[in-house]
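Given below, in the form of structure tokens, are the structures.
Here subunit A shows up in two complexes: once beside subunit B, once beside subunit C.
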Partner chain A sequence: AAAGFCPCRALLARRGGALRALCGSVRGLAAGPETHFGFETVTEAERREKIYQVFESVAKKYDVMNDSMTLGIHRVWKDILVHKMNPSPGTLLLDVAGGTGDIAFRFINYVRSVRDRQLQRKLKHHQNLSWREISESYQEEKLKSLGDSQVVVCDINKEMLKVGKQKAQCLGYSEGLSWVLGNAEELPFDDDKFDVYTIAFGIRNVTRIDLALQEAYRVLKPGGRFLCLEFSHVSNPLLSRLYDLYSFQVIPVLGEVIAGDWKSYQYLVESIRRFPPQEELKAMIEDAGFFKVDYQNLNSGIVAIHSGFKL
Partner chain B sequence: GRACLSHAEARARDGRSGEEEEEEEEGCYRLYPGHIPTTPLQKALLAAGAAVMALYDPYRHDLVAVLGETTSCLALPNLRDKMKHHPEGYRILQERPRIRLSTLNMARLKELPDGTLGREYVRFLEDNKVSPDTRMPTKFVDDEELAYVIQRYREIHDLMHTLLGMPTNMLGEVVVKWFEAIQTGLPMCVLGAVFGPVRLSARKLQVLATELLPWAIRSGRNASCILNVYYEQRWEQPVESLREEIGIFPPP
Partner chain C sequence: KMAAAGGLRRAGWRLWRGRAVVRWQLYPPQRALRAWAALRSASDEQKKEPFASPPQQPLDPHPGDQQPQEDPQGPRPSYTGQGGQESEDYESEEQLQHRILTAALEFVPEHGWTAEAIAEGAKTLGLSAAAAGMFHSDGSELILHFVSQCNTKLSELLEQEQKLVQLGEAEKKPTDQFLRDAVEARLRMLIPYIEKWPQALSILLLPRNIPSSLQLLTTMIDDIWHYAGDQSTDFNWYTRRAVLTGIYNTTELVMMQDSSPDFEDTWRFLEKRVADAMNMSNTAHQVQSTGEAVVQGLMGAAVTVSNAETSRAVR
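Coming up: the complex of A and B.
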């Protein structure tokens, strides 16, 4: 029945298309430039509102859905991102669109383990310490288990931050972690502040990517690194077909069954298709002023990590 | 489904998005508010997923509705035809009445004498603390008339409870499901009827098997189609008389 309706619909669309286009452009003039929400055409203001609502409604089931949709592989992708970052103790990280804290927690774990190894090596060299000196070094270790590293998690959505804070409490992360409500297109931070800027699966939802990239450049210190983990384009035709099949047939069903929300996950898969491919994103990052911009495909391009430096 | 999908994707890639309708999804027109067009594969996955999840988490009533919608593609046209060939049913299909708190005049129904359909229905709603507004709107039925038929079936469920005199506990629900399964043939009702008793205690199972089920089955078989009764025009009719008219035997 649905297939039967399509030709009629197409006819109607063509007839009314001119009028609708006119109305659309008039609305556009009034309400702002046109952009996309998945496969729909909306104004920028509408898009921001819709995306806010999507994440407000998925926040509580965000992690469960990530695990189901990617069969847990998203954890590996995020691990690879933090390994690529290779932060040393004392690094100041800004994780934008970091909502539920996945990157922040991995960063803390990584830095802690690096610090532990440093301390172990230090202790090995001092095998002839007295008991008092050893206990003092333990004290010092407890006070500075992160070695002055800090991560600021910034997200535009209150619900996602709420979930992230709850997770931090549950998992016992408190030191070196801050949560800030903010917009990637207009960050509430000073210039030249951070050593590393990450945005994992968030830049796709930003309405003006160019502004977000400019802000990233602004808040990074000279020598700072920009890292972006995002769904990208699969060039292998067979894999691309399978990926499309899985994305469009299975993911919205998972959304309905697990989160009771088909439409948010329909938006998710559509927004992935709408996002610029690897080379285009690389060009955009270079336009923002970054140098040595490069990307690494994971899983044949299902996901890509883009990296750039502010010099 | 699939054809519409690649059409939409091609359009997206061409970037002629300015010509697209704001409301269009997957290139297929939404047939009614809340409609989500789905391919047969998606329906199959939904049905399987909803079945598993609803068993795992019994509070997911929305998934019970989803399961009903995705499995009823054969039974719904039959129901719709039964309605079309009956004068009252045909009127219902034309006028599309909805049972919601906003369309019902609760105060007036309460004032009706005891024993009338309206009074007993309101009593049922209050005693069991349920409301007609908690029914899920249809999403996955790809025909606008059939979507109404299944919506109507959901909305008269509480009236079934009233007519059969069954409360909303597990036992009562199972009995109503058996009655509905025989009346409508909807796979969801059959599933509920078959698997519902699994959660009942032995004593209740006995009552079910010896008294309630035989009565429900006989009534279900004897009664005319419950969807063919324009309940909103019969609030003043005594429940007993309506039972006789439809062919439901008096409850034990």
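Coming up: the complex of A and C.
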């Protein structure tokens, strides 16, 4: 579908791919097994390098591009993810590939409002409070407005974390939030630590998805939940064609116009097509050891939320 | 380009799938290993192991370990099967879910029939509060679990009573007394949760829950009539169950807003309703026998008239 619009670019890419395949066969053994980068074939090491560069270059305009590409619907998707999580105060969340902190901020808001409601209910129950008790409850509110909940944002890319930290400062999120540089395939955390592990629009960029899933299993507490929000496979044929048209014709153009970066957004739409569909991802999650694995399609498959439990 | 991409994609994923398959085949032996280890450890002296970490990875003790260390019954039975008191060394997801819901019931008076109560229940079992995500956020499964538990208890109670009667150690109760006692016993199980029960009733009436709650209700009523000795196979079967369902539901509603000591008003209401039902059935019998008598009279009259006609014709 893309070839119609930009034949010269496609030709260049194919020639580049053929050349790379020739050189790759020579040094391929050293650089690791073959994998894909968008519609190209690269080695694993190359892929990691390329993806790092992609996100380094888009970091500053990441949020703006998200809004313009999805017409703001990505906010709804992320809201639905946090609602599905339904975190209670005291939950420890690990948000992997959460660079600019969207999920983390939503989590904090949600937990804060749940905690407020809890405190209100408690106050309503105890009708005859002494003045001391009332003042203590106000103090408690200020100290524990999150009720011991914490979110750790982990990302492999320094630029994305930088943007996220700046956003947090701007929006005024300070407590219960920490930023860690780490690789999803090799998390720098102990076993059995987190209540919930989320990865929103990040697992597509992980080179070895099975390793990332195993790491997720490792760091989750027993009973912990794995949630993955990702672009997925549209089954409706009409919608699928419209979606393809939009993806390959409009999004790279937007990328060039808004962020000055055609290739990164070309990579983005290609990587969406290369990502396994819902059932395959579900099988991979089950392979990693999760139970009660299920997925929920949003917008008839454009995005899917996969959920699994470590039991 | 699309064909080439498609080919590449298929090849790529075949490679990944191959790896994934190999890894999956590794897993079952690992799980069997854990199960075997559990069998051995269960027979050995009790030792408290860190919870649910696979044998390959080092069991490093991390600070701030959230597992409660005092556990008088020994190591907690976990899904991965490391140490367990039960004869089975692992349980299915269903059983684990039942255990979580049972544990959650003690938090219902405080939190209501909500996901919070389920989260607290999961925490007492040593699981993370996120395990409550396995259930619906409005607590329907918790209520249905509770109702089915109560029904099971009621069946066991009635079974025991029946055994006593069969052994001759107790007298067989008259039907109305039996029904009264059965309904009272069942409603008494609600007493610890009576404050939050109206919430539960409203959730049970949600369209999504109606099939399950209706099925639980009908099986319970069926059980009661079965132990009451009902062996009817005609239309009576339906009327009896409909009547008892009506009695049960109305008594339950009366109980919701009863504030008398030990719910005396409710039991008196129940007594009156059961008595009404009995009277109604007697009246129905009378009506039926009267009806039958009338019909027989008419038939006799018809036969007499037709005989008279034929005899007149013959003559």
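Basically, the second predicted complex is superposed on the first by the 287 of 311 C-alpha atoms of A that agree within 3 Å, B and C clash if a C-alpha of one lies under 4 Å from a C-alpha of the other, contacts with A are read in each partner's own complex, and residues count from 1 in each chain.
Criterion: a contact is a pair of C-beta atoms (placed from the backbone, for glycine too) under 8 Å apart; a residue touches a chain by one contact, two chains touch by 3 or more.
If you're wondering where the values come from, they're calculated on a predicted model, not measured in any experiment.
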* To do: Look at A:K158 in the shared chain and tell me whether it touches subunit B only, subunit C only, both, or neither; answer first, second, both or neither.
  => neither
* Please name the chain, subunit B or subunit C, that touches the greater number of residues in subunit A. => C
* Would you sort A:K292 into first (subunit B), second (subunit C), both or neither based on which partner it touches? => second
* Go through the superposed model and pick first if A:K122 touches only subunit B, second if only subunit C, both, or neither. => neither
* To do: Scan A:R75 for contacts with subunit B and subunit C and give back first, second, both or neither.
  => neither
* Asked: Should A:R241 be classified as contacting the first partner (subunit B), the second (subunit C), both, or neither?
  -> neither
* Once the structures are superposed on A, label A:S88 by its partner contacts, choosing first (subunit B), second (subunit C), both or neither. => second
* After lining up the shared chain so the two structures overlap, which partner does A:T41 touch, if you call subunit B first and subunit C second: first, second, both or neither? -> both
* Just which bits of subunit A does subunit B share with subunit C as contact spots? -> 1-3, 34, 36, 39, 41, 273-274
* Asked: In their complex, what parts of subunit C are in touch with subunit A?
  -> 1-2, 4-5, 8-9, 12-13, 15-16, 19-20, 23-24, 27, 50-53, 57, 60, 62, 66, 78-79, 93, 96, 115-116, 119, 122, 125-134, 137
* Okay, in this complex, where on subunit A does subunit B touch? -> 1-3, 5-6, 8-9, 13, 17, 20-21, 24, 34, 36, 39-42, 244, 248-250, 252-254, 256-258, 260, 262-263, 266, 270, 273-274
* What part of subunit A is in contact with subunit C in the complex they form? -> 1-3, 10, 14, 33-36, 39, 41, 84-88, 90-91, 190-193, 195-196, 209-210, 218, 220-225, 273-274, 276, 280, 283-284, 287, 289, 291-292, 307, 309-311
* Residues of subunit B touching subunit A in the complex -> 1, 3-5, 7-9, 11-12, 17-29, 31, 36-37, 39, 41-42, 45-46, 49-50, 52-53, 60, 62-63, 66, 139, 142-143
